[in-house]
Amino acid sequence: MSKRLGNILGAATLVLITVSLWMIFAWVPTEAEEGIVQRIFYFHVPCAWVAFAAFAIVAVAGVFFLWLGGQIWDDLGYAAAEIGMLFCTLMLITGSLWAKPIWGTWWTWDSRLTTSFVLWLLYGGYLMMRGMLEESEQVARFAAVVGIVAALDVPVVIVSVRLWRTIHPAVLVTRQGGHGLQDPRMIVTLLVSIAAFTLMLAWLLTLRLAVLRARTRLGAIARAVAIAEFRRGQSV
Amino acid sequence: MAAAAVETIALGKSYRLTPVLLEVDLRVDAGRAAVIIGGNGAGKSTLLAILAGLSAPTAGVAMVLRQDSRRLDSAARRRIGMLEHRSFLYPNLTAAENLEFYGALYGVADPRGVALGWLRRVGLANFAGERVRKFSRGMEQRLAAARAMLAAPDLLLLDEPFAALDSDGAAIMADLIRGELARGCAIVASAHGALAIEGVALEQYQISRGRVVPYLEKSGPSRARRLRSLLGRQSQ
Amino acid sequence: MSAFVVILTKDLRLELRSGTSTIAMVALAMLVLVVLVFALGPAVARGPEAAAAALWIALVFAGMLGASRALMAESENGCLRALLISPADRAVLYAAKLAAAAIFMIVALGAGAIFTVLFFNLEFSGALPRMAPILILGVIGFAALATLLSAISGRARGGELLLPLLVVPMFVPALVAGVRASAAALSGAPLGAARDWIAILVAFDVLFVAAGYLLFEHVIGEE
């Protein structure tokens, strides 16, 4: 079942990404102020959306894991964290590539980039933790707790960083999200791009989840075999 | 029929790929003492940890004081005492302070009075104001026993209670055990070899290959083990 | 007596007897300040802005040390297991450990604040009383995170790296708010001027103490 779902998502992603690329590079008009560089915006914003969405998935999966206990929730959380990290990194890179021509600097501590960077650190901490600890039920519970606490942190980060940056307005101009997208084609392009990236998130999740679940199933089989051999009195 | 203090049904425990316990059916009534005999790594400590509510079984269920061991409430845990090779004592607190702490934690009515009473009972009254870090091993073990029993538990879990005790210590331990059983406490103890305590009818079980079966002296472990005979008398 | 009081007084008594945690934290805070003064140079290392930053850096480093020790105090003789078996709620254990860590940190940072005023050429009058509530809020937030997460990091090999790795990004909002509010307090402004920052600190504390209280039982058990 999940293989079929994966294939459908993959096909849909491919289609929508293709459409989106065409729209970004051929169809949508160049933005007046920033020029051609502004097209990065159509990659950057969806990456940001996916990164935050994946983070939310990690937290929600964590809640379900602690509450219901099925291993699939832990697998989902781990998969979402890995994919989210990927898109978070892309978000930072596209943000940097965008910043250089516009503001003349590779990095800047505006409120959005800063929040993104903290998100990246939170993801990094989660993944490093999972990498450093051997897999076990206990570690899965730890990871769920970390995911939940980190997600609770994100709104506070957003508020505090925004306040932090508004007291230094002279340094740079804050980017707005749908900042005066004059042409309706720009809005359409953005929405299509967001949809394409969201599909990609879903597709990558099913792929990664399939691997993790196979590993879980393998573990269950190995455990059952170990118990059966133990039962028969042979050495394990 | 009165409910048992401890009743396990098809209890199993595996750590990831290592099975330890397999279909353990054990029943211990109030005022009875069960001894689980087995070698290192046989699963004795694992079983006791499950009964204490520290570790969750991976199969079956353990009913402790008529509650699921995975969900022991505060009232049930108040009635459980545990003794193992680690003393659970704070080295920088005095003997009296240690006992008072645990007494207060377990909701004992007069922690100081109870603490002093128990210090007398285990022959440590003269050391009430001494810090535990200065105690000898034998003294520490006696204090640890007092700690486990001072809240008048209904279930005592003793992990190798006679290991490394000298004859005086062993006499005191036997005396304490008799006293607890007379009070109606149920005891589940583990040991390396068969035990005999004067005046106590022990239900001896053997744990091997994950199962718990009644201990038959003839079919004892193939390696020679000393039979520990315990002194209920003053002189041998 | 409630389990919270019993456990907390035990931890306070132990700390009073050995004092290792608090002294170590004071020493570390002082070292951090010294390093900053020498690294920044006397021209930069003066005034409320630099002082606030320095003190909060000291808070983070000393806190890392102190908070993990709160749980480590239970590692001798298996006392943690005794606490887990006891009738005390896991959440209550969390609250007691959090309170103990916070108290030790506040004492250490009180000393740190005095050094800061000295090293960074500030006025004593009124600065310390204004700083106190801000530091206390920051300490509580830090201890809430660190107590929860040190249950994890204490078990891992190389766990000493894990705790800062997890805590520092999560602490960013409180750090930002705390430094801003402290700078305002140290420059003589009344606390009302830093109202927004203090509100963030309060929200941070409430959020993470509650989260820790609810989630601690999931990280502290045995296998």
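Chains here go by letter, A, B and C, matching the order in which they are written, and residues are numbered from 1 within each.
Keep in mind that, in the parts below, a residue touches a chain if its C-beta (ideal position, glycine included) is under 8 Å from a C-beta of that chain, and two chains touch if they have at least 3 such contacts.
Just so you know, these numbers come straight off a predicted model, no measurement behind them.
Trainee: Greatest Cα-centroid separation from subunit B: which chain?
Mentor: It is A.
Trainee: Which chain has the mean of its C-alpha atoms lying nearest to the mean of all protein C-alpha atoms shown?
Mentor: Answer for the innermost chain: C.
Trainee: Quick one: report the Å distance separating subunit A from subunit C, using the average Cα coordinate of each chain.
Mentor: 31
Trainee: Please tell me the distance, in whole Å, between the geometric centres of subunit A and subunit B computed from their C-alpha atoms.
Mentor: Distance between chain centres, rounded to whole Å: 50 Å.
Trainee: Once you find the CA centre of subunit B and the CA centre of subunit C, what distance in Å lies between them?
Mentor: The mean C-alpha positions of subunit B and subunit C differ by 39 Å.
Trainee: Listing for subunit B: what residues touch at least two other chains?
Mentor: Where subunit B is concerned, no single residue meets two or more other chains.
Trainee: Residues of subunit A that contact two or more other chains, please.
Mentor: Where subunit A meets two or more other chains at a single residue, that happens at 136.
Trainee: Could you tell me which residues belong to subunit C and also touch two or more other chains?
Mentor: Answer for subunit C, listing residues that touch two or more other chains: 221-223.
Trainee: Which residues of subunit A touch subunit B once you look at their complex with the stated criterion?
Mentor: Residues of subunit A touching subunit B: 135-136, 219, 222-223, 226-227, 230-231, 233, 236.
Trainee: Subunit C touches which residues of subunit B in the complex?
Mentor: Subunit B residues touching subunit C: 15, 49, 52-55, 74-75, 77-78, 80, 82, 84, 86-93, 97, 101-102, 104-107, 147.
Trainee: Any idea which subunit C residues touch subunit A in the complex?
Mentor: Spelled out, the residues of subunit C in touch with subunit A are 145, 148-149, 152, 155-159, 161-162, 165-166, 168-170, 172-174, 176-177, 180, 196-197, 200, 203-204, 207-208, 211, 215, 218-219, 221-223.
Trainee: Could you list, by residue number, the parts of subunit C that touch subunit B in their complex?
Mentor: Where subunit C meets subunit B, its residues are 1, 3, 6-7, 10, 13-14, 17-18, 76-79, 81-89, 221-223.
Trainee: How about subunit B: which of its residues touch subunit A in the complex?
Mentor: 12, 14, 16-19, 22, 209-210
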